[in-house]
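Labels run A, B and C following the written order; every chain starts at residue 1.
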Amino acid sequence: MVTRADGRMPNQLRELSIEHAVLSRADGSSRFSQRDTSALTAVYGPAEVKSSKELLDKATVQTVFRPKTGLAGVDDHVCEAILRQALEPVIQRTANPRTSITVIVQVMHDDGALLACALNSASMALIDAGVPMSAVLAAVTCAWLPAADGSSERRLLLDPTLEEQTAATSIATFAFESTNQEIVFSSTEGQLTVDEYFYTIEMAQKAAANVLAFMRLSLERKFSKSV
Amino acid sequence: MASEAVAAADSVELAQLQRDAETFKRVHPLEYYRRFLSQQLRPDGRGLERFRDTSLSINPLATAHASALAKIGQTSVLCGIKAELAVPSLQTPGWGFVVTNVTFPPMCSASSRLGPPSEQAQALSRLMHGLVVGKQAASSTATAPSVPAPTTPLKSQSAQAGMAESNPADAGARGIVDLNELCITRGELCWCLYVDAVCLDDAGNSTDAALLAIVGALHALVLPAVTLDAASGKPGFNPSGNSTQLTLPATPFAATFSLFDGNAFTLADPTAEEEAMQSGAVTIVADVSSENPTLWTVHKPGGTPLSATALRQCISQAVERIKTLDALLQAELASQSTAME
Amino acid sequence: MSTGTVSHANGSAYLELAGTRVMAAVYGPRENTRAGGLQQFNEQAVLQCDVARAPFASPRDDARIGTDANTSAAAADRQFATSVATALQSSVRLEKYAKSSIDLFVTIIGDDGGALAASINCCTLALADAGIEMNDMVTAASVALAANTNIVLWDPTHLEESRASAIATQALRVSDNLVTLLDQSGESSLKLSVKALEACSSMSVQLHGLMQQTLVSSLLERRKQQLLP
């Protein structure tokens, strides 16, 4: 098997690290890193909601996606919308009606697979804040790279770096919920055949299970420490 | 006499029932829908997997270089393309530009208001732009290019011919438009296509209609021949010269499904009411021109979780739908070309 | 000309005059949600108008219209919107709809001259389609004036507009011959202007008849559809 530029196997994720409760003023926060790609999330809520955004039967989820530098652009607003729509189904919104849950994601560094990292970080921060959830989200990015020398097949790489991402012919990001491992979020760029797509899902699902196991481990460690 | 009285009583009762149904719909919209869906029907009379009647008309406008009006049921999206001359950027001297935008003017639905583009418009613009130019160019053409400075002298085209053509598009995923085709003189002059889709009436599923309109307009696009004025070096249009049409190697179309009531029901081609109540949506963009359909994107922006099996079902339904859209476009283009002759 | 083109609007209309294509939708009477609208109590409805121009609306070789809100084009559109609202204001029975706002949204899809007149006519149709009470339908027409040859061109195209020395647009309430909007840009002799307005008036009368026909036929069409579900 061909190893990658950073020495990883094609189906190997980068080392993950999670820091819980990194911010003192937020209700919950977490920093999620996949080696150089890193995102910091703060969660505020359930808190008071502006009357114009108040929902009578459930909590309003608001998301903010802050780029590493500068002002938020169109892409960042699109990420914001994605985060909100992906988190809404796993948060038990009916538990706290007429309140707001605000999720603020600050990009620390982007070295590929940023959206997945942001989603993972947000779901860890929500747990840290104690927001009632029906499942945890685990997200993974995959990239299809053109054939390397000597082989005719395109290669599927998990958790690509920025460099791999620019060289890729297609990129897919998935988020799975933890109970049934079903697909909450899917977005692809570039062409894939149906079989390739489902193969990607299968691989991403396996990787997401690993991410999830790591999240669980990290949480267990955190709680055993505080006791 | 008696039978008339009975008929009158019936019609009164019917009117009463209709009013009751209307009230029920207002008070419990979700329950109202559930009653229909449990019978495998929708309030507008469609089955769950049925798409609304779709039509496409090519070049309805005279003011744009190319245009297309796509209608899916009541939803209508008009796409117009204006082509302008520009100078290629330094990073991509062999490429032209495409700027894709989808707008929802306040006219198109009761909920859209004045002000900056809505989240929906931004997300849709991004999605469409990605499809039109492909993955590689997505970041480089996010901003509008500079207008050519009239003082820049343009070198003769022959000087450029020997230049080695490094083609970054080969490395990446292609879009609908091949940006190489938009280059007139490498590093000097290129086309900038402004692809603007305007939603005239948003009665649900504007995504499918927007892509259909954009693809239709791109197929109708004829770029006028450009000649360089020898003295000033300024480019000008040559009406008698050979106009060019884009090759457009692949034509993807979209099919959107709405997940309803958790993921109990999957509704094809949701209306605006269904969109307002849906618990999630999946948009599948695919190209079916070859035997093996190619997925361009499977976009599920959150919402209720869906299993891979359910997703597979959606994709096979989408492929069938996209085949009919492909046929629609071909038929429209054929009738267009016979009309021209 | 057709009505009922936007499914969710209270009333809507589409108007096509060769290359000039305009679509208008009326939302309302509804709650006034614009800034300060909720606090104030209004005995009369507020008629608000907004004009959006499709980026590809201008004639072929002109530049595309930017979507940036700060351009002069956007300022011109705001001016345009005010003109449309003023032309219709006097005709709509605003006192019937207290505390509410009637929002007119115009989208200019193609502009081949006479967009203002077309927008006013389209809005009138949309208001009628929405069933909003009006004293009469306001109709508008525009002419191009050539000062040196004393010629008045009826319903000019974009090319004619750009070559004319002045353009005049007039909105008329046909039943009582009341002018609700007068707009002339460019210079012309007083005599020629009067001639131009007379031309506008006779066009307005013609249009009035046409618009009535459109409304009647669309009403008949709708009734037919309701009878046959």
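Everything below uses one rule, namely that contacts are C-beta pairs under 8 Å (C-beta built on N, C-alpha and C of every residue); 3 or more make two chains touch, one makes a residue touch a chain.
To keep track of the chains, here are their UniProt names: B = Ribosomal RNA-processing protein 43; C = Exoribonuclease phosphorolytic domain-containing protein.
What you see is a predicted model; the values in this text were computed from it and never measured.
Q: Go ahead and name the chain pair joined by the largest number of contacting C-beta pairs.
A: A-B
Q: Using CA atom means as chain centres, which chain is nearest the centre of all the protein shown?
A: B
Q: In terms of CA centroid distance, which chain is the most far removed from chain A?
A: C
Q: Let me have the rounded angstrom distance from the C-alpha centre of chain A over to the C-alpha centre of chain B, please.
A: 28
Q: Suppose each chain is reduced to the average of its Cα coordinates; what separation in Å results between chain A and chain C?
A: Taking the average C-alpha coordinate of chain A and of chain C, the gap between them is 50 Å.
Q: In their shared complex, at which residues does chain B touch chain C?
A: Touching chain C: residues 61-65, 67, 74, 78, 80-82, 84, 101, 103, 105-110, 113-114, 116, 194, 196, 198, 200-203, 237, 272 of chain B.
Q: Give every residue of chain C touching chain B within the complex, in rising order.
A: Touch residues, chain C against chain B: 5-9, 12, 19, 21, 23-25, 27, 33, 50, 52, 54-61, 63-64, 67, 69, 103, 105-107, 109-112.
Q: If we count contacts the way the header does, which residues on chain B are in touch with chain A in the complex?
A: So the residues of chain B in touch with chain A come to 119, 122-123, 125-126, 130, 134-135, 138, 142, 171-174, 279-280, 282, 287, 292-308, 311-312, 315.
Q: Okay, in this complex, where on chain A does chain B touch?
A: Against chain B, chain A makes touches at 73-75, 77-78, 80-82, 84-89, 135, 146, 167-171, 175-177, 180, 182-194, 197-198, 201-202, 205.
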